[in-house]
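For clarity, chains are labelled A, B, C and D in written order, and residue numbers in each chain start from 1.
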């Protein structure tokens, strides 16, 4: 007889940030809810792959029923700008900030210094090529200010080297993030904050 | 068209300890794995209710195919002792400790001071009645050393009042837990540690 | 007979970030070291006020034996720039960053939203007046990116309003600090990071 | 010219739990208070060695003006019990618990597994010898439930081996400390909690 509790716990252990103990707790939680709730969750997971599709232009996952997602389909957004982000949630964070009106491309990951990770290189080349025909002027590398983010940016600059004459490549501005205190800020952040000071 | 990403995220938000952000991350994680992995998880969740059953004597969830779970079915365990725990994971912790050889009953929850929570009161009465016929001598209240644990113990003592002449009721010993430092220990723990000192 | 342990502990409780328990620990630490070590510490504390003096131009505390501190006395530093910081440690952090070559002024505190705190307003006016005569062109408000820092910057802008025609006032650049991840960045930081993006 | 700020900061770095950054903050804090406050602190530190004395029987530091501290001088306390603690604060914690009425001895440290640390071995032998003449029946090893505490207890048992026939040696009771949850408790704590269960 098989160990279903253990099997399901091991499946949850593959979820991001979930250890064996919390995975077990998820199983017992599911055993404590109604069969209808379990059936509903099971169905949502079974169908999420077909209910949600990946936009062929920005590669993000979207509920949209058209071929393109809402941002890629929106004719009012600025075709001159293409912002590259690591993942769907980063794109959502930029949208919440509310000032960016250009296009997006989701890399689907970062490259670690130890050589792990993968990004959508082939899709990136395809999309940049396509967007150059639509007036693309600037690619914004919107990676996290971490060593992995910088390593990934370096790789993208290599990939985009053939287009450098036709398109600007920029990176997000560095400086004091909300809540930063000078005393605890590192030298790189302070140099950027000084260089990027703004008249008020 | 419905928002499937949001629906699935909301389902994960009901998991213990999971907030909106991590729930979203679970959804994107599932979108990034293979359809076969999603199908497997979906099926495990759909069937966990029927694959796993609740032992009618200790009420824990078990993979066992017999009517009783392995501990309740084991004739070598001591019928004189019945330990009451809050949840399946607490039972597993006691088994890992390796010295207890009596029987168990899983309460399925705790009662909070604000009146929330529920325990399996009717099953408890039924099981205690049944076990009295099999030589039960002592019921160990193995609740956590928290105000909720004490509140739950109080309620159980009320429920078991009619049996007090036929069965001893005990609670787990208090004292220094592994890692406790005297300077940071509260008065109650220190009083228990002094009262329970052991000759060595 | 007086409670010297308690008296000394209460004196240490006034140290920044020190609670009653750690204050007590400091006292017992001092009781455990040699009398010579205690005498040395006692003397350093007694004399720190006279051994260290406050530079009359930047107001920072300095070991310097001249009237001015090393930065204010250095003829090679740029008189066109004056950076205002909250405290001596912030000035030290900027120096460690290594790119700033202008002058400093230490405010000696921040103003809280609840009306607490104080800054060296009179000295600021005096020093700005003096520095205008030496070619001052820009005042950099180098406060922390916190609500207190912004509140203090607002007050300084008020104080400096009479000089606005003769001097630029700037604030440190905002953006991604080292280690910032997009997903967890607030909208204000992301807007600044997008607006301040740099070609690479 | 000497670096007084750095010298005083390095003196504070020797305080328990204080790193370079907080030590610097202490110095600037002292520079910001009045000269009278600094003089007062300086004097308290200079005199703490003579104002406070170590009780020759329990070895704790005390403000008392008699030769013995208040606990050792109290004729009402039970001479049959002697509790050994690591440090003065542990003794204070036991007193706050309010049930112990015996005598104390402060070891003045713990022995680490790597061979560091020291305890007052000679004073311990002297005091135990003296207390045996006054009716001592039991020595309670009240060390923390850590590997260092156990290592120290082992060493004390060695030292006290010659007295084993005339005096009982006990250790504090182990079990659930206040706040302990079963699921997160280690096996040793759970075994002690089960073995030490109490009828209620």
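In the analysis below, a contact is a pair of C-beta atoms (placed from the backbone, for glycine too) under 8 Å apart; a residue touches a chain by one contact, two chains touch by 3 or more.
Keep in mind that what you see is a predicted model, and the values were worked out from it rather than measured.
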Greatest separation from chain D - chain, by CA centre: A
Centroid distance [mean C-alpha coordinates] between chain D and chain C, Å: 39
Length of the line joining the C-alpha centres of chain B and chain D, rounded to whole Å: 38
Approximate Å spacing (C-alpha centroids) for the pair chain B, chain C: 53
Contacts with 2+ other chains: residues of chain D: 21, 87, 89, 183
Touch-based graph of the chains, sorted into line, ring, star, complete or other: ring
Pairwise chain contacts under the document criterion: A-B, A-C, B-D, C-D
Residue numbers on chain A that touch chain C, as the complex places them: 85-87, 89-90, 93-94, 96-100, 140-146, 153, 157, 168-200
Residue numbers on chain C that touch chain D, as the complex places them: 1-8, 11, 14-17, 21-22, 24-33, 35, 38-49, 51-52, 61, 63-65, 87-89, 108
